[in-house]
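Next up, some structures in C-alpha cells.
Heads up, the next two complexes both have chain A, just with different partners, chain B and then chain C.
Take a look at the complex of A and B:
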C-alpha cells in the first residue's frame, strides 16, 4: 500500500515523513533535484538536514527531477504520469507511478499585478528574487526595489541584502498597521510578532526604507529596467496624484500574494473554492481530505499561510492518507496537530484581511501595457475583444485576442484578466507540466512505480 | 566547469541553473519575443511563466530557471519560436 506525494516543499516532506512514520510506503516526487520546495531552498551542495532528511527514510522512495504532467484515477487508486530528467530535455523517460492514496502539495507561485514596463527584463517576481538569492546566490540586481503586498516582501529584502544588493525600499501597497491595531489577528501566531521584529531590525540595519500605501506603478528603460515610478496610493490603490517619483534602479521584485498550483487537483475533480484573498484553493476537511476519496491536500494549495502552516498541514495529510490505506494512527497525535492547523488557518484569514489586493491597480495600466506576457496581448486588445467584439466568456475572450493562450496557459495573467474584464477565470489546464509532443507519443500505458 | 553562452566559453558551478549562469555573467535577457521582438529573461524563477526560454544544446524552449547546467552545455539566445536543430 503506497501513498503518493506530489511536491516536496514543507507540506510534502512533512506528509511523507508522517505517513512513513506510521508504516506506509511513500513515493515522494518533485520536479526539483533537491527536496524543500520554495521554502527550504539551499545551494545544491548544502547538507540535507532536519525535515529534508525524509528522503533518506527507508520507506520513502524519493524521486527528484520528476515532472508530473497528469494524474488519473485507477481501480486501485491513482496513477501519476511523469517525466524524469533535466528540465525540458527531450526524450526523458515517461513513467507511471501507482498508489492507493494521494497527497497533493504543489504549492503556489507569486501573483504579479501588471503595470507599464512590467515586461522589461529586470522586473522579477518577489519569489524569483528570493529563489535566485537563496538557491543560487545571485542578486537579481545591484540596486533593487521590492514592491507588492504581504509579509513575504520582508524575507525577500533580507535575502537581497544577504547577496550584496542595495535595497532602495520595500513598498507595501496596503496598510498593515492593522496588525498593530488589531493584534488579535495574530492570535495563535505569536511567533509572527517575533518575526516582524526581526525584519524591522534587518531593514534598519540595511538602511532600507519601508513605506506603506506605496508601489512601483511603472518601469522604464529601453531593453531593461533603468528606473521606476514609485507612487503613493490612495485607499483603493489608485495613484495619489502628484506623488509620483522616479527612482533609478536596475531591478524590481514584485509580489502581490500567491496563486496556488491547482492543475492536478482540478484534473481529479477535487472541489475548489475562492479563498478570502481571491485565489482559488482546494477545499479540505479537518483531516486534509479533499472532496475526492483517497486524495488529500496540504500546504499553499489549500490556503496561503506560509511555510509553518504548510508543514503542519503536511503532517496531518500524511497521517490521514496513511490511515486511509490501513495504517493505524494515535488519536492524540492527530488532535494536537489538528489544533495547530486550525491556528494556521486563522493566520491565513488574517493575512487575507490585512493584505487585500485593491482594484485601483487597474488604473496603473495604459493602453499598450501587456496584460498577457506570453502572447503579448495589450490592455487595449483585451478591452476591444470585450467591448467591440462582445466576448461574453473567458473562452471567447481567449479566442478573440489570444490572452492566456501562451505557454504559461494563463497562470500569470488569468486572475488579472478576470479582474480587468469581470469574466471568470478558468484555471483548468490539461497539462500540469510541459511535455514535448514526441515524448507524449512514447508514453507507456502500463503501470510502473 | 565551463559552458558556452552564445559562442563564448564561460565558467559555471555545479548545481547552477542556466538562468543563474547567465545572470551571474551580467545577462538580463536571452530571448526575443515572437510578436514584438522584445527582450526577455527571468521572471517567475520557478518554472511557471515560460519567459526564460533559451536554447540548450540545440533544443529550444528550455526554461533557464529550471535547467541545471552540465559541463560543456551550449546555451544560445532564442529568437521567437525556433525549431530544434537537425540531428538533435
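Take a look at the complex of A and C:
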C-alpha cells in the first residue's frame, strides 16, 4: 500500500514524513533535483537538514527530477504518468507510478500583472528573482526594484540584498496597515509579527525604501529594462495622477500573489472553488480530503497561506492518506494538528483580506501592451475578439485571438485575461507538463489502463 | 425588439451557417446558445473540409457543395463585414491519404477510383516525397485530393455570426432554450428570460440534439462520439504541408464501434502548431482524457511523420461529435412537430458540411429550389426510426 505525494515543498515533505511515520510506504516526486520546493531552496551543495531529511527515510522513495504530466484513476487507486530527467531533455524515460492514496502538494507560482514594458528582458517574477538568488547565488540585476503585493516581497528583497544587488525599493501596491485592524485574524500567527520585524530591520540596514500604495506601472528600455515608472496608487489601484516618477533600474521583480497549480487536481475531477484572493483552489475537508475519495491536498493549492500553513496541512494530509489505506493513527495527534491547520487557515484569510489585487491595474495597460507574451497578443487584440468577434467564453476567446495558447498554456495570463474580459477561465490542462511525441509514443503498453 | 421568424438553437458552426443562410434569404433569426458560441464541438474541431474520406453518395455530394461554398461565402463576407472579421484561415492545402502497407493500398486505390467516377479529383501520386518531404519512407500508396481544405472553425463561426448580426438579427450567448410551445405548430420557445415567439425552431445542438429533440416533443437518435486531438509546439513552416492521414481513417469514420478507434490525421495550422488526431469513442458525455488514447495518437502520427519525434505535445483537448447510426447528417423539417427543424448529426464533418447544410435548410424553409437532394438527410428516413437513444 503506497501513498503517492506530488510536490516536495513544505507541504509535500511533511506529508511524506507523516505518512511514512505511521508505517505507509511513500513515493515522493518533484520536478526539482532537491527537496524543499521554492521555500527551502538552497544551493545544490547544501546539506539536507531538518524536514528535508525525509528523503532519506527508509519507507520514502524519493524521486527527484520527476515531471508528472498526467494522472489517472485506476481500479486500485491512482497512476501518475511521469518523465524522469532534467527539464526539456530529449528522451527522458516515461514511468508510471501506482499508489492507493494520493497527496497533491504542487504549490503555486507567482502571479504577474501585465504593464507596458513587462515583456522586456530584465522583468522577472519575484519567485524567479528569489530562486536565482537562493539557488544559484545570482542577482537578476545590480539595481533592482521589487513591486507587487503581499508579504512575499520582503524575503525576495532580502535574497536580492544577500547576493549584492542594490534594491531601489519595495513597492507594495496594497495598504497593509490594515493588518492592525484585523488582530482576530492574526491570533496564533504571532510568529509572523516577529518575521515582519526581522524584515523591517533587513530593509532598514540595506537602506531599502518600503512604500505602500505604490507600484511599477511601466518599464522602459530599448533591448532591456533601463528604467521604470513608479506611481502612487489610488485605493482601486488606478494611478494617482501626477505621481509618476522615473527610476533607473536594470531589473524588476514582480509578484502579485500566487496562482495554485491545479492541473492534476482538475484532471482527477477534484472540486475547485474561488478563494478570497480570487485564485482557484482545491476544496478540502478537515482532514485535507478532496472531493475525490483517496485524494488529499495540502499547501498552497488549497489556499495560499505560506510555508508554515503548508507544512501543517502536509502533516495532516499525510496522516489522512496513510489512514485511508489502513495505517492506524492516534486521534490525539490528529486533533492537535487539525487545530494548528485551522489557525494557519485564519492567517490565509488575513493575508487575502489585506492583499487583494484591485481592478485598477487594468488601467495601467495601453492598447499595445501584450497580455499574452507567448503568443504576443495585445490588449486591443483581446478586446476586439470580445467586441468585434463576439467571444462569449474563454475557449472561443483563445481560438479567436490565440491568447493563452502558447508554451505556458495560459499559466501566466489566464487569470489576467479572465479579469480583463469577465470570461471565467477553468485551467484545464490534461497534459500537465509538455511531453515529446516520441516519449509519449514510447510509454509502455499496459500503463494508462 | 422585433420577434424572430426562426430561433436557431446552438451557436456552433452548423447553427451559425443556418442563421447566415436564413438571414441571407431575408429571414429574421435569433441564435440562442446556452453557453458561448463555437465553444463546444466547433471549438474542439480541427477544421476539416474533406471530400477524400467520403464514399460516393449523398454525404460526398453535400461535402463537395460545401467545399465549393466555403471560399465563396468567406469572400462574400469580406464585403459585408470586412477582411479582418471574415478571415477564417481558409487554406486550400489539399489532402494526402497514405496507405502504409500493401493491405491498405488496394482499398485506398479502389476508393479513389470510385470517387473519380463520381467527379472527385483523386490523384494517385508516385512522388509522395515531393508533396510531403518529411513523410515516412514506408508508403505503399498515396492519393492526393486537391479539393480538401482547412479552416479555423472558431474564426469561421464568428465570421458567420458577425454577418448575422450585421443583417440585424441577434446572437444570444448564455441563453438556453428550455422548452418549445406549440399548438398545431411551434409558436414560441421558453428561455430563462421568458417566452420568445417564433415561427420555427432549428435544432443545431450537435451532440446534444437528441436531448433537444426530446425537449421539443420529438426524438432523434443522435449520440455523442468522443474525439481527442493533440496539439504540438509550433514547428517551422512547411514541415507538414497537407492534411495527411492514414488510409485506415476512412474505415474509422465509417465504423459504428463504441470502442476506441484511432487513426493518424496530421496537419499544421497557420500558427505553426501541428494537430494530431484522431480518435473516436462512444463513452457518453464522459470528459476525462485517457493516456492510452494520447499514446495511440502519438504512435500513429510518428508512423507517418518520424520527424515529429522530438516535438513536444503542449495540450490535448477532447470534444463530442454528433453521431447518427447511418453516419449521415439530419437536415430538414421534423414531420412529428410542425415548425421544428433539425440540422445536426454531422459527426466529425460539421465544419466542412456547414455551409451547404445551412443553405439547404434555408432553401427548404423558404420554398426555394434545393441545391442538393435533401431526401437522404430527411428526418423520417428508415435508418433513424425505431432506435432508442442509447446514451442519455
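Quick note on the criterion: the second predicted complex is superposed on the first by the 444 of 449 C-alpha atoms of A that agree within 3 Å, B and C clash if a C-alpha of one lies under 4 Å from a C-alpha of the other, contacts with A are read in each partner's own complex, and residues count from 1 in each chain.
FYI, contacts are C-beta pairs under 8 Å (C-beta built on N, C-alpha and C of every residue); 3 or more make two chains touch, one makes a residue touch a chain.
Keep in mind it's a predicted model, so treat the numbers as computed, not measured.
Engineer: Quick check on the superposed pair: does A:72 touch chain B, chain C, both, or neither? Answer first, second, both or neither.
Structural biologist: Touch partner of A:72: chain C, not chain B.
Engineer: Return first, second, both or neither, reflecting whether A:440 touches chain B, chain C, both chains, or no partner chain.
Structural biologist: So A:440 only meets chain C here.
Engineer: After lining up the shared chain so the two structures overlap, which partner does A:81 touch, if you call chain B first and chain C second: first, second, both or neither?
Structural biologist: Only chain C is touched by A:81; chain B is not.
Engineer: Of the partners chain B and chain C, which touch A:367 in the superposed model: first, second, both, neither?
Structural biologist: In the superposed model, A:367 contacts neither chain B nor chain C.
Engineer: Could you tell me if A:267 is touching chain B, chain C, both of them or neither one (first, second, both, neither)?
Structural biologist: second
Engineer: Could you say whether A:407 touches chain B, chain C, both of them, or neither, answering first, second, both or neither?
Structural biologist: both
Engineer: Examine A:128 and indicate which partner it touches, taking first as chain B and second as chain C; both and neither are also allowed.
Structural biologist: first
Engineer: So in the superposed three-chain picture, is A:389 touching just chain B, just chain C, both, or none of them (first/second/both/neither)?
Structural biologist: second
Engineer: If we overlay the two complexes on their shared chain A, which of chain B and chain C does A:89 touch? Say first, second, both or neither.
Structural biologist: The answer is first: A:89 touches chain B but not chain C.
Engineer: For chain A, give the residues common to its interface with chain B and its interface with chain C.
Structural biologist: Shared contact residues on chain A: 90, 375, 407, 434.
Engineer: Can you list the chain A residues touching chain C in their complex?
Structural biologist: Touching chain C from chain A are residues 70, 72, 81, 90, 267, 269, 375, 388-393, 395-396, 399-400, 402, 405, 407, 409, 423, 429-431, 434-438, 440-441, 443, 447-449.
Engineer: Going by the contact rule at the top, pick out the chain C residues touching chain A in the complex.
Structural biologist: By the definition above, chain C touches chain A via 33, 35-39, 43, 84-85, 152-155, 158, 161-162, 165, 171, 173-174, 230, 232-233, 271, 273, 276, 288-292, 294-295, 298-299, 301-302, 308-317.
Engineer: If you look only at chain B, which of its residues touch chain A in the complex?
Structural biologist: 14-17, 19-20, 23-24, 28-29, 33-36, 38-51, 53, 56, 59, 61-63, 65-68, 70, 84, 88
Engineer: Which part of chain A faces chain B closely enough to touch in the complex?
Structural biologist: The touching residues are 31, 33, 38, 43-45, 86-90, 109-110, 119, 121-125, 127-132, 136, 138, 140, 223-224, 261, 373-376, 406-408, 411-412, 434.
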